[in-house]
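Listed below are the structures to be examined.
The two complexes that follow have subunit A in common; it is paired with subunit B in the first and with subunit C in the second.
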Partner chain A sequence: MAVKVMIPTPLRVYTGKRDSAEFTAATVGEALGHLTTQFGDLRKHLFTEDGKLRSFVNVYVNDEDIRYLAKENTPTKDGDTISIVPSIAGGSSLASCCC
Partner chain B sequence: MSTKVQSLTASPAVVPATSLSNEEILRYSRHLIMPEVGMEGQLKLKNAKVLLIGTGGLGAPLGLYLAAAGVGRLGLVDFDVVDFTNLQRQIAFGTADVGKSKAQAARARLSDLNPDIQIEAFETQLTSANALELFKDFEIIVDGTDNFPTRYLVNDACILLGKPNVYGSIFRFEGQITVFGMPDGPCYRCLYPEPPPPGLVPSCAEGGVLGVLPGIVGSIQAMETIKLTLGRGDSLVGRLLLFDALGMKFRELKLRKNPNCPMCGEHRTINKLIDYYEFCGVRGEEAPGPNVQVPEIAPKELKARLDRGDDLYILDVREPHEYQICNLNGHLIPLGELPRRVHELDSSREIVAHCRSGKRSAEAVDFLRKAGFRKILNLKGGILAWSDEVDPTVPKY
Partner chain C sequence: MATEPRARLSPEIAAKIRSHGAETYPHECCGALLGREIADDLREIVGLFPLVNRRDDSPRNRFSVTSDDVRDAEKAARQQGVDVLGWYHSHPDHPAKPSQYDQDHAWPWYSYVIVSVANGEPQYMTSWRLADDRSQFTPEDLEIREGTASAVP
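Coming up: the complex of A and B.
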């Protein structure tokens, strides 16, 4: 399944400014795995040390929150868009964002 | 400031307005001739009580549009003072307002725009101790703040009091807007159950905001506030609107009420306001993050040593676009590139690392010390301190 992963502004610093990337993946977890393999610096921002998706990282397939689907095991189909939605608080202060 | 809050509670019940003066009819004529607003809607606006948390980037367009629209009672909460760097986006302020209280300066501007409405300035920091008292006399709370602790505080206070929270936040080129706190809708904790840990918050290398962005996001918040007041249209309740200004794209995600939400779920476990700085792992107002203790050199001492002709290698760990603003003729390796460019440095020479404020360079010094560098110092206070203490011709940013 070809899926598109949307990378939010705060994380583009770890993806060479790329705003999206396409992968072949059967689940959300697989797509995010490919993403963090391609962009290694992203890993610690999305996953804990034991490989779990961080609790403050929100991931959507199309317009649905994967927390209300099958979480990382949520299956994907051709043409799906996966969005990583960061927690942003700004403002323009220096500590106003994270994912 | 607490006196101001108390005076709010003592204010007598206001009799709702049932008519508009001829002057008001003229002022609001472009609303009145729309059937979606009309006389009925304009009276709803006149009787509306809206509290703006923050009068900065988001609060400025919010305040201007809500005042212009005739929202009868506006509260403005801000403890800050207007700074030169605010003027790039906080359009309620003029150059003459620099140094003045934001809440007072905004009140003066909005009163000039619409003298018929009641505007209260609360020059105070919103805290767990005053939030419920401040919120209770208002019907809609609009969150235009800029930090995680206040976001959670506004959310929780709104849920405890059963008031809608018109939410907007921005980062660089990206905005998020929704309405929390409606009876069947989700709250901020449903979307973000917990804040990100301070250690993973990006440094100033990734800060900044394009000035128009808060204008757009704040205007959308103003529109949602007016729609809630009028009871018209489809509000953003249950929908998170994402705005990407660079791509000029709006997207929308479904927001669900989390049945297990500790705040708005079936079994509420948070029944009072908590310490939100502790909750977010932040202490004080400074940007959080790893507070590394490393050897330092004061700007004046560095100047003296350079004048003496000491062999010092200046390492600038800021971003290239920052180097263009001002520099100390250092060798530029952005903090994020340091691990793979460490071979460019000679560990036998004495190195002084610097950034804008000293925080990123402290991380760089810490990293290099762990990599075996022994003769490395951090310029205390960064280029800002250099400008203050050594060379005022170096601009601060």
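Coming up: the complex of A and C.
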């Protein structure tokens, strides 16, 4: 299935400034795999060391968050657009009961 | 030899960031930095897109910007003909230095401006960029300069 992966601004330094890439992929996971194979420097910013999507990396198929679908096993079809959208988090080292 | 990255903003925009930190104290404030890259390693911050801290559970030492908020910031930037260059947030009663939590959750390329707010009073401001290997933040020289373009009304 031919899908387009949209690359967010902060990752374009690793793609030669490309804002999208197209792959043949049957699932979201397969598409992201192709993406990080073609642009290896993306991998550490998208995935943890044990291969899981980082919590602040949000992935949509068309306009649907894959967390509410089948996550990386979400199937894709011809013409789908996969968007990688950041969420932003941070904070001080001030002690707190919460993380 | 690589030069230290720089970000430039007007005194008015710097004052807006400080004010936001004071307004939300003792909680962390957050928002987007809007502007453009004007040379290698030089960015000009010409506006802000203040946001609501979504971390209701621990706003004293954590901030969160959802993907919907990011999209809203990007839309605002497009409408103004600029880009989202990064994000600012405050550290209430804490130094303006990135924490391990900041580092663990950061994206590359973005500028991260931090303002320290002590007892409700804004203190100094710093800016940082995540290293490519995610091992640390690199300081970004923050120039507060009269005459810098500003979209702040």
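The rule is simple: the second predicted complex is superposed on the first by the 87 of 99 C-alpha atoms of A that agree within 3 Å, B and C clash if a C-alpha of one lies under 4 Å from a C-alpha of the other, contacts with A are read in each partner's own complex, and residues count from 1 in each chain.
Convention: a residue touches a chain if its C-beta (ideal position, glycine included) is under 8 Å from a C-beta of that chain, and two chains touch if they have at least 3 such contacts.
Note that the structure is a prediction, hence the values are computed from the model and not measured.
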item	value
Touched partner set for A:88, first subunit B, second subunit C, both or neither	both
Partner chain(s) touched by A:75 [first = subunit B, second = subunit C, both, neither]	neither
Which of subunit B and subunit C A:13 touches, first, second, both or neither	both
Which superposed partner A:64 touches (first subunit B, second subunit C, both, neither)	first
Those residues of subunit A which subunit B touches in one complex and subunit C touches in the other	8-10, 13, 41, 44-45, 55-56, 58, 85-99
In the complex, subunit B residues that touch subunit A	56-57, 89, 145-148, 151, 169-174, 176, 191-198, 200-209, 214, 240, 242, 244, 246-247, 251-256, 258, 282, 287-289, 336
Subunit C-touching residues of subunit A, taken from the complex the two chains share	8-14, 41, 44-45, 55-56, 58, 85-99
Contacting residues of subunit A [partner subunit B, same complex]	8-10, 13, 19, 41, 44-45, 54-56, 58, 60, 63-65, 67-68, 83, 85-99
Complex interface listing, subunit C residues touching subunit A	28, 30, 55, 57-58, 60-67, 69-71, 74, 83-84, 87, 89, 91-95, 98-102, 105-110, 112, 132-134
